[in-house]
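This report concerns only the one structure given below.
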Amino acid sequence: MSSWGNSIKISVFGESHGNGIGVVIDGLPAGKKLDMDGIYEQMSRRAPGKDKTATPRLEKDIPEILSGVLNDTTTGAPLCAVIRNTNTRSGDYGNILSSPRPGHADYTGFIRYNGYNDIRGGGHFSGRLTAPVVFAGSVCRQILLEKGIKIAAHISSVGKIKDRPFDPVNIPDDLIERLNKETFSLIDRDKETEMRALIEECRNDLDSIGGTIECAVTGLPAGLGSPMFEGAENVISSIVFGIPAVKGIEFGAGFEASAMRGSENNDEFYYDEDTVKTRTNNHGGILGGITSGMPLIFRTAVKPTPSISKQQNTVDLTEKKDTTLSIHGRHDPCIVPRAVPVVEAAAAIAVLELISR
Amino acid sequence: MSSWGNSIKISVFGESHGNGIGVVIDGLPAGKKLDMDGIYEQMSRRAPGKDKTATPRLEKDIPEILSGVLNDTTTGAPLCAVIRNTNTRSGDYGNILSSPRPGHADYTGFIRYNGYNDIRGGGHFSGRLTAPVVFAGSVCRQILLEKGIKIAAHISSVGKIKDRPFDPVNIPDDLIERLNKETFSLIDRDKETEMRALIEECRNDLDSIGGTIECAVTGLPAGLGSPMFEGAENVISSIVFGIPAVKGIEFGAGFEASAMRGSENNDEFYYDEDTVKTRTNNHGGILGGITSGMPLIFRTAVKPTPSISKQQNTVDLTEKKDTTLSIHGRHDPCIVPRAVPVVEAAAAIAVLELISR
Amino acid sequence: MSSWGNSIKISVFGESHGNGIGVVIDGLPAGKKLDMDGIYEQMSRRAPGKDKTATPRLEKDIPEILSGVLNDTTTGAPLCAVIRNTNTRSGDYGNILSSPRPGHADYTGFIRYNGYNDIRGGGHFSGRLTAPVVFAGSVCRQILLEKGIKIAAHISSVGKIKDRPFDPVNIPDDLIERLNKETFSLIDRDKETEMRALIEECRNDLDSIGGTIECAVTGLPAGLGSPMFEGAENVISSIVFGIPAVKGIEFGAGFEASAMRGSENNDEFYYDEDTVKTRTNNHGGILGGITSGMPLIFRTAVKPTPSISKQQNTVDLTEKKDTTLSIHGRHDPCIVPRAVPVVEAAAAIAVLELISR
Amino acid sequence: MSSWGNSIKISVFGESHGNGIGVVIDGLPAGKKLDMDGIYEQMSRRAPGKDKTATPRLEKDIPEILSGVLNDTTTGAPLCAVIRNTNTRSGDYGNILSSPRPGHADYTGFIRYNGYNDIRGGGHFSGRLTAPVVFAGSVCRQILLEKGIKIAAHISSVGKIKDRPFDPVNIPDDLIERLNKETFSLIDRDKETEMRALIEECRNDLDSIGGTIECAVTGLPAGLGSPMFEGAENVISSIVFGIPAVKGIEFGAGFEASAMRGSENNDEFYYDEDTVKTRTNNHGGILGGITSGMPLIFRTAVKPTPSISKQQNTVDLTEKKDTTLSIHGRHDPCIVPRAVPVVEAAAAIAVLELISR
């Protein structure tokens, strides 16, 4: 299913080469002024062709809002935004039907839908479907901003090249603002050259490369979320795994915490004037599923783009035999930079859901 | 909320020192013969005191089944199982109310519930609440076994000491059966001495240690799950983060995939007679949210037990000032071994849900 | 499924002749003082044997609270209440397995659960399962009362004998209080003799009789509920049809409105000081799915108890042939009086859900 | 919320005078061939101006399918259909903002959305929003037809003029087919003249009139639905109350059953060859929430159109005083005929949901 949420329900639709893609957002509060330019700016960060590392395919991705907004203000009714599909060259994908691309959903989609799924451009599995997610997230984000809640993510690694992580107890507003404007978001801008070089190297090798994205949410009140199955981690992970290519998520110290002792990992409490804070933030702003008021921090693992131009072994589902495949489409050698605003969007939707419950 | 699921709904209730804990499982198919001894055996693996690394507190944890089972067979009506609380020494927790334990949900629970939550023994946040999860998972597991679906997990690390991982393309039944019986589940049994020594060292240091758990599900058909928000990863992560102390999850190569090239990470397809398989399994049995028929594999990060006896800094919420805290309760220095059957249980519930959708 | 709700989730379990029945209520606000005697009083109104028209079977129905309450105050964790089954005479139902009772769920349950459902006493379909619903409703009701929201229902008809309806624009508190205490709740107490006589006549005829129940909720703020599928009518009806034997529901003028002209049915607005009210209340306090602030009023149709002692034609499912059936159990000739607190309970749960969303 | 369902999720969006309205249907099975002309035919039955009793406003209502369909066949991905809004004359509604129309959602919508809802043409509360419901229902219906499940409704009354009811144990296919084609669906065609005369009389009186709709579903297998809260009655009523103006629903004998004795109301079972049937069908095809295999029959009460041209008393929300209102728009004096395909559509969605669970 491509629907998510309880109090804020999003329903994402569309296939890469169909008539259009979009999203319905149900449950938004009424009377929220939206900054449409701000939304398009976020969508533009995700759009291909905005950054030289990305695919040359141009997407206009200007959404049309069909409902739920009047005079740039939410009406409280479901908001539907549609993005038309144009500039699609289906021929690029002509050989996929019988030969599933390794690492891609071609094979599992074929089984799941008995071969009836629209495989052109990846169909409903396409990364293009993250455009409506960014739209929805940008709407949620503007509503959160009114409450002083801010969200920023950055490329924490490409391959083995790492950006500096967030200081988990102190994430300044100006850093958030800067990251929110970049198409290649880094805390340590000096890493850009090295990362881009690696991406270009992969492109030249007809290959691709993965990476990680770190995301922070600041300004959250303590007390959001619930124990067990509706904790902040459950809610966030259930939407973040909806982003194609995400294969892992960790909160706070995450997997590193598993190698720590309790005395290292426990974050001691102290009073900062009237506010209870922790001196470290290995818990990533979440204890027992509930926010602590410290910055909420998580990292996601993004696998390398499965569509590579190198020849690969696969099967021919029609002939039922092994075969080889060479893909000649337009694919990002690294989708991590463009996935940054998508992760922020997913976080924004999840946080608005947590607040609305 | 402590309810989870759509087609298989579980509702977990109870507080550590209340009258009882338990679970309602709604949506089970009728006519399934349950092996009650098998269920108790799994619960016993989780129970404290079964293994020398665990807390000396004894829990009988014999569940009483109130409904949904007649002649050891499911009736199709909701199954409710209750475990009585006995042998609780509330005095051990007398000083927690005003001084939240670092790394624990004491503080966030206090905020969330305005101080009305039952803090004795961790209340509803207690690890004891995993007992009904293991009960529910054991029921689901027996139903899955009928379909040839098997689940096993092992301690993949304690601190920095690592067990050998599963061979992700070949997980033999006898390994699964062995792991399912152990209270200190390891693929490489030779690691036990070293791991136990580390745990004892932590105990002597009045400290604790974290670890990771790797879980595999075999025998799954291809085609389970959906793209975007109801993929296998979304469904599994949304329940696994309900296990206290879990701070991360990764599927297949997970975070390691983020440092790989596409040509390394992509799992090439081939025909094994009539079945499409992959030669490697970096995708962990899931592509585009949908199962591929290869073993489903995930790892979770378990943080060190927050309750340690070392003195720690914290706050006094009543006096609104900083203070120190020394906990004198009975706590596992490492909950990872006992969390293994809990992770298996969560996986079983999630997989039965995926199949029932 | 026997689970209901989104913000307030209830999960009802149990079979008539199993070990016990009960309910888990998840999502209750923390810190609400519960009047346990008040809860038992409501459960007592539903219990058989409290009123001379009811079945002679005695139910103690004293629930044990396993979790979610400390010092008679909600902790915010799921509240589980269990009622033990005692005094069951399974022999009464010995002939039902092969011969389904007309009008009962015996046949449909047999098909749905492949014959594995517990048929003793109606199993999970038994009217006894309304006891935990009344428990849950009584808890919700006390929480609503703090907000000035009150609920009362009455027997609006037994057979063709009608009670006086509520004055839909003015439902005094003392009437609500009186109705809340009665086991044979009537606005016009003079109808009792006639109604009881009809019920006794049916009992003597080895027959049963249906009726209707009218329910009112006062003190509701305007603005609860949503258009389309989460309107107050949708939410209320989705729980009320969970009460066995309910076959219809109407809000405000309901079916009578269908015979009216717009000029008759439309309720004109006026200002009562600063409050917008309507002079009539054909809309039953709901317009467009959203509460108007006027009393919310609905009526339910309760079919006659299907278990009658008169001989009836049915089938023998084992022998696959037609047969006859005479039931010799203890059955109410009219369940309407005892269903009154059940309808109130369902309304209370639904309204708390609407408020919590 | 304007989202509904679990296995078949529909998300309806749009406002009467916004850019467009539509629906996303998630969870449809893949590979179902859709008869687009058949869908438009059903939508045409609902569209205004098709029948002389309806409003003169012309709606083209030709939906554009953006996703989920390829070569007229479902792909399994969410199906989104959009209908553009054209021919809207917002001036007709200029005076509604401050003066809510009696019987309409103007006032409750104003409170619910703090005055930010789009009031033009009723906004999201408009009857026009039933067009996407009919679209979604028509899709579901074609999928059901493959399984031999058929749905038909008729105008069972306009004011006090009644059509003949369905014979609840025998609903012939040719009757269903005939009703499915009519814009003024009646079992007894002789009632048309009288009903139309009444409607015209109301129009001339600047008034409106209500009615009832009876709906039947044939070909259902026994065993669909669940006891308590996910019974067929719960599921159907929870969607049917999403149709504007519906104020009541009853299944089988419904409210009439409440005046019956058990011996009258109980439907005796018999074997019709190998199939268990009932000789009467007061249970409306549902016992204990589960389908019996007999025709599923329900009736809904539709209140008279609240928008009437007669002068009415109301309030001025801006000036906070009483006032009068005369509406000069284009409104159906009786929406019952056009609501018939909407009720069928809601039934189709609900039944497909029941089957898919």
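The first chain written gets the first letter, and so on, giving A, B, C and D; residue counts start at 1 in each chain.
Criterion: a contact is a pair of C-beta atoms (placed from the backbone, for glycine too) under 8 Å apart; a residue touches a chain by one contact, two chains touch by 3 or more.
These figures come from a predicted structure and were not determined experimentally.
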Given chain A and chain C, the chains that contact each of them: B, D
Of B-D and C-D, pair with higher C-beta contact tally: C-D
Whole-Å gap separating chain C and chain D, where each centre is the average of the chain's CA atoms: 27
Euclidean distance of C-alpha centroids - chain A vs chain D, Å: 39
Inter-chain centre distance, chain B versus chain D - centres from mean C-alpha coordinates, in Å: 46
Residues of chain B engaged with two or more neighbouring chains: 1-3, 12, 77, 112, 124, 227
Contact set on chain A toward chain B in their complex: 1-4, 12, 100-105, 107-109, 111-112, 124-125, 129, 157, 159-160, 202, 205, 207-212, 222-223, 225-231, 233-235, 237-239, 241-242, 244, 246-255, 257-271, 274, 276, 278-279, 282-284, 286-293, 301-308, 310, 312-315, 317, 320-322
Complex contact set, residues of chain A against chain C: 6-7, 77, 227, 357
Chain C residues within the chain B interface of the complex: 1-3, 9, 11-15, 18-22, 24, 26-27, 30-31, 64-68, 70, 73-80, 82, 112-118, 123-124
